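The same chain A turns up in both complexes below, where it pairs with chain B and then with chain C.
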Partner chain A sequence: MNRYRRYKGWLLFSPWILTFLIFWLFPLVYSFILSLTDYRLLSPDVDWIGLGNYTRLFSDSDFVASLKNSFIFVIGTIPFTTVIALFFAVLLNERFRGRTFFRAAYFMPSITAMVVIALIFSNLLARGGYVHLLAQMIGLDPPANGFLLSEKTALFSIMGMDIWMASGYYMLLFLGGLQTIPNELYEAGRIAGASRWQQFRYITLPMLKPVTLFIIVINSIKSFQVFVEIFVMTKGGPLNSTFTGVYFVYETGLRQFDFGYASAAAYILFAIIALASLIQFKLLKTGWTA
Partner chain B sequence: MKRYSILICLVSLLILSCGGDKAQKIKISWWNFWTDANIKPVVEQIVADFERQHSDVDVELVDLTWADGHDKIAIAFSSGSGPDVVELGSDWIPEFSSTAHLMDITDIIDNDRDRYLMWDPAVYQDRVYAFPWILGTRILFANKDLLSQAGTDPEFSPKTWDDLYSASKTINDQGDDVFGFGSNSAERHRLYKKFLPFLWSNGGSILSDDGKSCRLDSPEALEALQYYLKLCETGLTDTQRRLEDAFLDGKIGFVISGDWLLKRIDREKPGFNFSTHLIPVPHEGYHSISFAGGEYLAVNAQSPHKELALELIKHICSPENQILFCLKNRTANPSSIAAASDTAFLAQPHFDTFIMQLETSRMSPAHPRWVYIEGKLEKAVESALYKAKTPQQALIDAKNDIDELLKP
Partner chain C sequence: MMTFRRILKYFILGVIFVIMVFPLFWMFALSLKSSGGGLTLENFTYIFSANKFGRYLFNSALVGLVVTAGNILFCFMCGYALARRRVIGEKIWFYTVLIVLMVPVHIVIIPIYILMNKLGMYDSYAALILPWLVNPIGIFLIRQYVSTLPVSLEEAARIDGAGEMRILFKIVMPLCRPALAILAIQVFMTNWNSFLFPFILTSSEQYRTLPVALALLLGYQSINWSQLMAGSVVAVIPILAVFLVFQKQIIAGITAGAFKQ
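Moving on to the complex of A and B:
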């Protein structure tokens, strides 16, 4: 009986396991092998070049620039997204009239297609777009041809859009986390004479640690993989200022068909993301004690 | 019982799927990019016509999109499962021909070489691998209302660089909301196409005639880039899409564009007061050489029905079918010389400018590493446009990078 049940379990799992093996694990391993060759799509001869692609990558100024942009993107968006999401979550956890409306409203961007948002923002940020006009009105000196066409503002504009878009989703996760905090803790806190700020600092924040960790890790991974925004809005330009890691993989892999080289770049990104996640786990698990 | 019913279903499915095999028809697949509801019926009609002439042939149409069609073709060819006939963008041909994925049609198309235009991009090491079908070049569009507003004769046709520059500047000086020349911003795979007409018309070129070295360090190239940058100062820099929007809004005096803009004007602004011109030349007596691209048809080197596939291509490209297709699609540049000189065709407004421009147009050099070369060229124009480098430095850097790429 027990054996039959175990076999049945595997059987029920098998569609998932099969797709996992075929569409996930196999490409993962295969692309690692490719990254050690000079394989180009369409070209019949393939040579084993060991770490050649990896050394070539680090002397490729485009790749180094793309890594730099990815780091700026991650470091520049995550703190803002997290703090804004937490702020609105705490705010919308209070009881007041219309809070479901606001919750839905903040969540809206997350259920809108990325391409749609990117297209709308392209127009808002362009010369004569609302954001551009607004910046002019309040006396800022926005780039003459719009934010996305200046190498100084393009990346930051996309980062700003990303913060706006992502905050709603992480707010929802924070809200979920807030609801798991037992009310008794706050009651005890109040009896002990804790102020609102103290309650937040010593009850809410520590209790939200697991959610925060999750959010920061997930958001870092997602931000490292930023692609659609770039593809729709700037295609990596101007002057490579929005050329990010995944966009580099796309250009070399799917435009130039340099599969081996693109695979190597993808593996470096993978290593960076894995390392960053590991560090975040370690830091938030141990370093941040309430 | 349940188990049996499933079995019965499976068996009957099997029988049904085998039973469909009636008359032994030869199947030819054609991968194409014409999914637009307006033009697809024409493609189907042309194919049906072919099937009528060859009762034993069944042509299977497969639609591709511009977003990922290139990837799909490349992946299919590299896995050995490509279609019999494939539509290729002109600058994709070398990567497929140089890797022996396309059928060599040199000896079979001998008579056609004089009847069709633009074979250059289909040639690799003196052999021909694709058949030109629908071509397209870029010309200069001018807004006549803005010209007269600026006190210029609305019928004015800028022939030389100086003509264009001064007309553009006069319009640009009319106010903050009108612009002279619409220039492309740093848009990947677009920007270089706007610089090339100026380079070529000035007698410059990207590669030397033998294709072994880069010639972007020539004085002609520098002069062209300097003029292009000067021209861009008299106008608006934006993406191609937004430039065309602004042109239709009557905000831009001159814009370089293709026949798709004619189609847009027909549809969105039928009464729009504009004129079309050849790309201006540096001085009188120079040839106006514009940038061209096009759709080519090629036969898969692995196809078991090569002869039929080629026959299908010739059928699609016949003058009658090209006229049918181009008139419906508002394409101004068929590859067939007979089609381009047809009276019904020339009667279309502005088509004559496109046809005349194409006679002296060029496509990007057919080089297997073109996609890299293009990137370097584009970087040069971009860094000069954004003043990250001087025009001299940008071109010399590009020359050195491209020379590196050209090494065998």
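Moving on to the complex of A and C:
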């Protein structure tokens, strides 16, 4: 009876075992094996080339440039997204009329499809689009053909859009964190004569450490994988200025069908992401000045 | 002094509101603009007649609903098996969640592309549906929920002679409705908006979903901004409707950490 019930338990659980093995574990292993070969679509024979793809990547200027762009993207968006999201959360934490309404409105960009957001901003950032007009109005000197067609502004424009889009989502995570802070802490702070700023600085910020860590790690993983907005808005251009790591994998793997080479690039990115997460964990765990 | 503070707060909130909502407002406005400048629905009729938006909408809905139904059924089965300790190695299975969360999708893109081609499933509904029928975050959401339910109900039913299937689907599943609702909303929204895999695993218009169609249409001479925005509105409205109806659950779910994307 017991054995029979166990067997049925595994049967119940089998959908995830199968899905995990076929669509996660197998691709992970297969992609690593591919990265050690020169496998291309339509190439008659496949050879082991060891770490050949990896060494070739580091002398490939396109790949190095794509890594640089990915780093700019991650380092340039995360501090802004985090601070803005925290600002929104603090603003919308206390009870007041319209709180739910504003929360929902700020969160709305996060539920909209990235493709749609990218289309809307392609329009707004183009020559004569509202963002372009606004920049002219306040006396900035935007590129004549629109923000996305200049290699000086394309990447930063997409980064700005991503900050705009993601802030609402991380705001909700911060709100979750704020709710876990016990009210007694603030009361004690008030009794000790702490100002609002001091309360924020010495109670709120330290208590939000775990959520902040989570947000930064999750957001880094996501931002290293930026693809959809690049594909829709610039296709990596102009002059490779928005050519990011994952775009490189797509371009070499699924447009030039250089599977082995693209897989090696994917693994290097994976290693960077894993390493970055690890460093963030270590840094934020120890070096938090509270 | 207090009122000044309040006015200032609402002013700041209002400015941010305009910044956050204007792009979506602009999408709606453009989609309703006729070539002459007035209001019109002609952009919508155009994309449904000149482009195959009817087909794309159907594909998105079909894939979204099948994937959501699959997740309700399979996440429930798996979550239940874990919660009632019918499967050993819970720790190991928890690590699979971390793997799925941490592994960048671009690593699995190429192998899955090759796999789907080898299996003859490239450019089919199967390619759009099969990989996403169950997800580990959903499994652990259900596991958590089932663990809070008393086992006595199931035991009583078993003593009464109820079969395994009956206990599972007639007794436990209805009790899990709140958790299953959160799961369904989350899965549907993610799947409806997804671009990368549908884009890579299909090539013909027959299996194209709305986000893929929209991304590929940008830059075509035959389509203008108003028509593109009309297509975007078609892609956004179902999500907006789901959001407006289930706003409370969605926002509460994320703030409580019930679903992290």
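A few remarks follow.
Here is the rule we use: the second predicted complex is superposed on the first by the 276 of 290 C-alpha atoms of A that agree within 3 Å, B and C clash if a C-alpha of one lies under 4 Å from a C-alpha of the other, contacts with A are read in each partner's own complex, and residues count from 1 in each chain.
One rule holds for everything that comes next: a residue touches a chain if its C-beta (ideal position, glycine included) is under 8 Å from a C-beta of that chain, and two chains touch if they have at least 3 such contacts.
Please read these numbers as outputs of a predicted model, since none were measured by experiment.
In the superposed model, A:149 lies in contact with chain B only, and not with chain C. Contacts of A:114 after superposition on the shared chain: chain C is touched, whereas chain B is not. Once chain A of one complex is fitted onto chain A of the other, the partner contacts of A:254 extend to both chain B and chain C.
In the superposed model, A:88 lies in contact with chain C only, and not with chain B. Of the two partner chains, neither chain B nor chain C is touched by A:196. When both complexes are overlaid on chain A, the residue A:176 reaches chain C alone and has no touch with chain B. More residues of chain A lie in contact with C than with the other chain of the pair chain B and chain C.
Chain A uses residues 254 to touch chain B in one structure and chain C in the other.
Taken together, the chain A residues at the contact with chain C in this complex read 5-6, 8-10, 12-13, 15-16, 19-20, 22-24, 26-28, 30-31, 34, 88, 91, 96, 98, 100, 102-109, 111-124, 130, 164, 168-169, 172-173, 175-176, 179, 218, 221, 224-225, 227-228, 231-232, 245-246, 249-250, 253-254, 259, 262-263, 266-267, 269-270, 273-274, 277.
Contacts from chain A toward chain B in the complex involve residues 41-44, 126-127, 145-146, 149, 151, 235-239, 254-257.
Residues 71, 74-75, 77-78, 95-96, 99-101, 185-189, 236-239, 242, 371-372, 382-383, 386, 388 of chain B are the ones that touch chain A when the two sit in their complex.
Residues 9-10, 12-13, 16-17, 19-24, 26-27, 30, 74, 77-78, 80-82, 84, 86-87, 93, 96, 99-115, 130-131, 133-134, 136, 139, 164, 168, 189, 192-193, 195-196, 200, 210-212, 214-215, 218, 225, 228-229, 232, 235-236, 239-240, 243, 247, 250-251, 254-257, 260-261 of chain C touch chain A in their complex.
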